[in-house]
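To keep things simple, chains are lettered A, B and C as they appear, and every chain counts its residues starting from 1.
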């Protein structure tokens, strides 16, 4: 595993993580290192454990054994909101927004903790300038300003995916994890989403799970290949493309 | 309140304050128009019910917590207020009556703080069951701890014995009414303001999607707990007002019936809008006062109205009203109204049939005459049974046809409204 | 003392088995459909009143069969015409529907049969003491109740372990998300499960009616205890519901039978202190506390083990 930038701890460091459900190991001996500022893609066949890996890192589920570090600090065993407050934010594969609230409210709620307003019940949420500006900027970024008052549940699928990304980056987290952000999108929509992701994660660490290989090879600095809960290869797109193990286990399968 | 736009055109701001000022003006003027003792009593009860229902909606509508034991905070608030009033009199403290509801609120709040953390660990069905269990626990305990709750008799007090304020003794019902109205306005403003704070908005987020909330930095348990405490406080205020109004607090305040009533009021009124519980509290209290003198089975009518709302209009009355807003704005409402008018007659016939059936069964043994729309029906007479059957079956069948027509007219009007750019 | 222990154990097990007749149906319905049926205790009450009425008309034994079937049919109608239409509005709406139903059923029952207890008697065939321990006669009818609940319990076990429907129910208990994949007859399975659950509750009502009090508030009195049982046992766990039923049945029966208080154990408090919360607690007898014991157990389990005894699921 090479990856950690010397003199600075890796953004994400997963060491020997295992996850068992009953007797079944979904994830075994998982090692992963994502450097600061790196765009890292995780690929692998269906059922390889990509989403589980996301869930393990983001605290959605707890590893059976092993350790996860965020910027050098151990976060495995912490709860999702504790991990989020330490600067890691993630999106979901299945759209996971606040359906009855407006687009504006969705993004604004994601801004509130990071701007320090927490559980405040003595402030008018409409008269917090920094919250308003940040929300407006994110809505502009994800091109949803014209839909600001629409309940999120009534958006089109592609719009909901964009909102999902907006909510994820709203807190200004330095480590962003996106779980299949372009799943189910048309080619044009995918292109737009990739451009969006590229722009919004500028200067941040990005971990992305993706099925669309053109997205992966176009976006990622490094790629890890996950097969049956185990990372079989990790490297630059060029190295991954040439790796025989990957070809056999994954890309070969695609070529059929 | 979740769908309100955040940047309003100038006119909307004016309208917003206008609605509040109109409400306050109505509260001031009402007793001057209807000045009989009976209506003053009704207004007072409705005011208390509104505060209670609004507090309940902090849980159900704002945070998505279904509680079957909300009356616990109401009742404890009532007892706290009674004890405080008696203590003020006994120790000659300089606390006039208008401050007493605050202590009621503290009573509700303290209990929420103590028990809430354990209760709000889980949401959904589990929370509902636990709230029911805690409600029973407190209601049963109140009969055991006689020194605090006064056993079956309860704790009595004398509101006029407290220090006077502005020369008001609060003996006459009119003065009590204004005291309740004052606290109603204060509580309503506070609870409305709460919906517009960071906590209020995050409560909505927890209601919609507690899982995702964890990934934007919030602990849903803390959010639920805080919402629970606020709801407990304002329920306690309502209980304190009730204690002042009746000059007594007893174990019935805490019980399942009171908890059920506030759930009915809030849900029938509509949980998605701030004014929903206000409508519901007015309607349910009014029906409760009006129906008890007309029929012995008034609670059954509540049950039926409630089931009807749950099945056919889960947004409550407020939801039904607000459905029309996009149509009004798009100017397509008038295409729907004819189908409404057509539906009125068979729907009323169906309702009459149901009422006649229920009353026939209820009065069969006693033989009291049923007076429906000025016509007398004898419960033992076959004519009555046949009329009831005809109304139910015939009214029901025709009503269903007309309802279908409403739905069709609605779809057309809503499509036009959507095409014109109004959300529907 | 020994007499008290033997009799209370018998009564406790009996009450526990009755609770399980109700909580088993409630648990299975909840696991499969995600609905906590608030009206479950109302079906129990309907069973008791139908049993009473049918006994008057056609005798106890036909009523024992007919009344549960009637209640089951009502349950199926509730599922088909009520819950299925409400399902799209979510679980809260479903729970509220059953809450409204419970309320309406209580009103209808008190409208028809009045608010005071009805005279629902033990059938003459079983109206004799089965045996005498020390000086207490133990009625044969209670043994009959115990026998019926055990027969149903064994029957349920066999259905669950040996039949196709049982396998589906078991799968639903452990993997609730899989219920949706049962295929297009899922509606009929739900209706059947709801009907059987209601019928079991009705049966419990028919046999419990003569022994306990058949009155229009019996559902409201038993309902909350039932919910304590299934939360205590762990939502969605049948073994949990069984253990919790017995625990709560025994604890409550013993509590009612015990007359002791702190005052009788440690002597009265100094009378000069005057009445206070302490004297209330000091003087209250265990029998008086009996009604709140299940709820105290609920609070304790929530603090110690929020999932319930055998629960595995969050909600």
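What we mean here is this: a residue touches a chain if its C-beta (ideal position, glycine included) is under 8 Å from a C-beta of that chain, and two chains touch if they have at least 3 such contacts.
Treat the numbers as computed from the prediction; the structure is a model and nothing was measured.
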Answer with line, ring, star, complete or other to describe the graph linking chains that touch.
line
Furthest chain, CA centroid comparison against chain A
C
Most central chain, Cα average position
B
Calculate how many whole Å lie between the centre of chain A and the centre of chain B, each centre taken as the average of the chain's C-alpha atoms.
43
So the centre of each chain is just the mean of its C-alpha atoms; given that, what is the distance between chain B and chain C in Å?
31
From the mean C-alpha coordinate of chain A to that of chain C, what's the distance rounded to whole Å?
48
Residue ranges of chain C in contact with chain B within the complex:
30, 34, 36, 82, 85-86, 89, 91-93, 95-97, 99-101, 103-104, 107-108, 111-112, 220, 224, 227-228, 230-231, 235, 275-277, 279-281, 284, 288-289, 291-292, 294-296, 298-299, 302-303, 306, 314-315
Report the residues of chain A in contact with chain B in the complex, numbered from low to high.
58-59, 79-81, 84-85, 89-90, 92, 96-102, 104-105, 108-110, 112-114, 117-126, 128, 148-151, 154, 167-168, 170-171
Give the list of chain B residues in touch with chain C in this complex.
64, 66, 68, 118-119, 121-126, 128-130, 132-134, 136-137, 140-141, 144-148, 256, 260, 263, 267, 297, 299-300, 302-304, 306-307, 310-311, 314, 358, 361-362
Over in the complex, which chain B residues touch chain A? Could you list them?
2-3, 5-6, 193-194, 196-202, 204-205, 207-209, 211-219, 222-223, 226, 230, 272, 423
